[in-house]
Amino acid sequence: MVQDADITLIDDNGIRFDGRQTDEMRPVSMEVGVLHNADGSAMVEIGKTRILAAVYGPKELHPQHLQDQTTGILQVRYNMAPFSTEDRQKPGPNRRASEISLVARKALEPVVFLEEYPMTTVKVYIEVIEADASTRATGITAASLALADAGIPMKGLITACAAGKVGDSIVLDVASKEDSYGEADVPLAMIGGTDDITLLQIDSSGLTHEELDEALRMGKKGCEYLFEKQKEALYRQYSQVIT
Amino acid sequence: MTDQETEKTIVIPGDALEEEGQLRGGINTYTENGSVYAKVVGVRDVKRQQVRVIPFKGRYVPKENDLVIGSIAKVSGTSWIVELNSPYNGLMTLSESTEEFIDLDEHHLSEFYDVGEVVLVKIKRVTPKKHVQLTMKDNMARKITGGRIIEVSPTKVPRLIGKDGTMVTTVKDYTRCTIIVGQNGRVWIKGTYEDLAERAIRKIEEEAHTDGLTDIMSQWLEQELGTTETIGDD
Amino acid sequence: MTKEEEILQVNQEYIRRRMQQGERKDGRAFDELREITITPNYIHEKAEGSCCVQLGNTKVIAGVKVNVGTPFPDVPDEGVLMVSAEHAPLAASHFEAGPPGENSIELARVVDRAIRESGMIDTGTLCIAAGEAVYMVGIDIHVLDYDGNLIDAAAIASLVALLQTNLPPYDPETGALDRDSDGDALPVQDKALSITGYVIDDGVIFDPDYAEESIADARLTVGFKEDGTICSVQKGGWKPLTREQITDIAQQCAQLNQTVREKIKNVMAE
């Protein structure tokens, strides 16, 4: 039994504090085309985590010195709404948000055919509406849907989720309590339908090599599940268009 | 996925478009290890052994010989910068604006086209670095005044124009409007039943993937006109 | 914020021409609001009160966060009420990331003024222990989709969010709030709501979309208490207004204020 701050995160039968199995995700819902102004948009909810992503572009890039004659660029901004967390988020960038913006961009870039739009930018906004862990992973999943919805040429979709370690167990889709009191948080992003990992970060109090391998395996399973949900959301949105 | 050409298959980026290696990849596809995949969300379309994707969305990228509706963004001593509803602006030089000789000591370019004015203009050249050169030396090119401009998704422009212009002609005839469809998704409407024309264009945009849409639109316009004429419009 | 996205000149003229004929471009009457959707408790857990308002294509969330803090020395027995606003860059292509610009600050202050001056929140009731601990109630207005008339959307969202707000019990031992308990409802003395009229040439319209708002010459926001008296006003835009125009707009605002209050009442009753 793992106990911390009066919370039993996982019991002797491997059932987690919220009743989930180790390899079970929280309820997922995805919707594409949720905003009017943005060229592409998506809302993704995993448990109580809720993320809105919007894409504008390709558009003219300012300032001009950033323009690249051989390719377009991707600009990503991850932001938490002030009311999205227990303690109010002070508006404006902070080190955490800046780093997440960077790794999210790196996670998405490998699939976007930016060279088709030299001199331009594609702007991706990841807005955390309500946070209960896995916001960067869920944000990347939403951003990839918004890019597809904007008609940006891509090699495939990017899907992300977080594995973790609670007690001695590797678990899928860590919730906030597991993130705070658990042993590891392992967000990863993959190119849908492949084995390619485009984002990996680990925060852990100690992870064996076997556990790392198990976490990656678990993460892949989660991504495969979410990838199906992403496809469903896109097909659903656009089948309305043709019928 | 299905190979029946009559059925419309929605594809998303990364979807395999054919498995047998029979078809070549066309527009909005990429080929990897001999297989063809979709690059954008759209409808799979096969023609002459070539598979392509007709996109649902996407911004306009200037192409040579396209007629587009632009707005004058800047006037300098010898040229105009024209905003084209695209990631790329266009440049029109004095010599491309008219056949006549203009004495720059006597005239300023803003006397011809001023900031904010709207023009129907032709794309003369697009360089690999995406410099877009515009020209007014085309029968269609002109300044646009009056009426209204609506924006449709540039990906729906071919459908709106229709085969040999049949779709837009149908709307023009019924609504007694001049309608000019810019390839950049801007549509200028001016005439008797502008509201009806606008609604018709929105309907075509929404139902772009329906078969036999020209006939459907004729019937719809006929019907709407019956009610419109008694109520009046504009 | 980069240069505002400009409405094509042809379309600016079109809106004005049509208004001279007594019509709006989308067929609405001058004082007709767009379809309005009010979703209370939009933020399930993290905010103490919240509401999402959709006005046509404009979409705004107001979220209320309640914290505990030490009071200002000059008013040791009063809590704190604060309104902030952010034009999140996902809401329009010309919004940019960065510190709040003057538009965000004005939006927050106009909403704040109506709430404060109406006496809706008695800051005295937010006192936990004089000189030591008070509730600090912060309203954050977050713009998600911008298609005109943010002020009215934000005012509606803020009012409903405050009506939903609970004050989590204060635990004197830890000095923190017990957010897992429900707590009491935030005491509310009045209900402030603002409505804005926009002047284009000689006409006055309400709830404009972005194209209409961008060519407005002037605007007048009028805040009302529940009894229909005026608690705040903000004039905006470049064009001066006459006394006749102001009283006329205020009358029309009062009418719409009733219409919107009805809608809010219906939503809250559900």
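Just so it is clear, A, B and C label the chains in written order, and each chain counts residues from 1 on its own.
FYI, a residue touches a chain if its C-beta (ideal position, glycine included) is under 8 Å from a C-beta of that chain, and two chains touch if they have at least 3 such contacts.
Note that the structure is predicted; figures quoted are calculated from it, not measured.
S.K.: Applying the touch definition from the top, give me the chains sitting in contact with each of chain A and chain B.
M.R.: Joint contacts, listed by label: C.
S.K.: Would you say B-C or A-C is joined by more C-beta pairs in contact?
M.R.: A-C
S.K.: Could you pull out the chain whose C-alpha mean position is farthest off from that of chain A?
M.R.: B
S.K.: If you average the CA atoms of chain A and of chain B, how far apart do the two points sit, in angstrom?
M.R.: Centres of chain A and chain B (C-alpha means) sit 35 Å apart.
S.K.: Report the inter-centroid distance (CA atoms only) between chain A and chain C in whole Å.
M.R.: The answer is 31 Å.
S.K.: For chain B and chain C, what's the span in angstrom between their mean Cα positions?
M.R.: Chain centres of chain B and chain C, defined by C-alpha means, are spaced 39 Å apart.
S.K.: By residue number and range, which residues of chain A touch two or more other chains?
M.R.: 59
S.K.: Residues of chain B touching chain A in their complex?
M.R.: On the chain B side, the touching residues are 8, 10, 12-14, 28, 30, 37, 39-41, 43, 55-59, 61, 87-89, 129-130, 155, 206, 209-210.
S.K.: Can you check the complex and tell me which residues of chain A touch chain B?
M.R.: 39-40, 57-60, 69, 72, 111, 113, 117-120, 148-157, 191-193, 231, 234-235, 238-239, 241-242
S.K.: Where on chain C is chain B touching in the complex?
M.R.: 6, 8-11, 13-14, 25, 27
S.K.: Please give the residue numbers of chain B that touch chain C in the complex, ascending.
M.R.: So the residues of chain B touching chain C come out as 71, 116-118, 144-149, 186, 188, 195.
S.K.: Residue numbers of chain C touching chain A in their complex, please.
M.R.: Per the touch definition, chain C meets chain A at residues 2, 43-47, 50, 57, 59, 61, 63-65, 67, 84, 86, 88-93, 97-100, 138, 140, 142, 144-147, 179.
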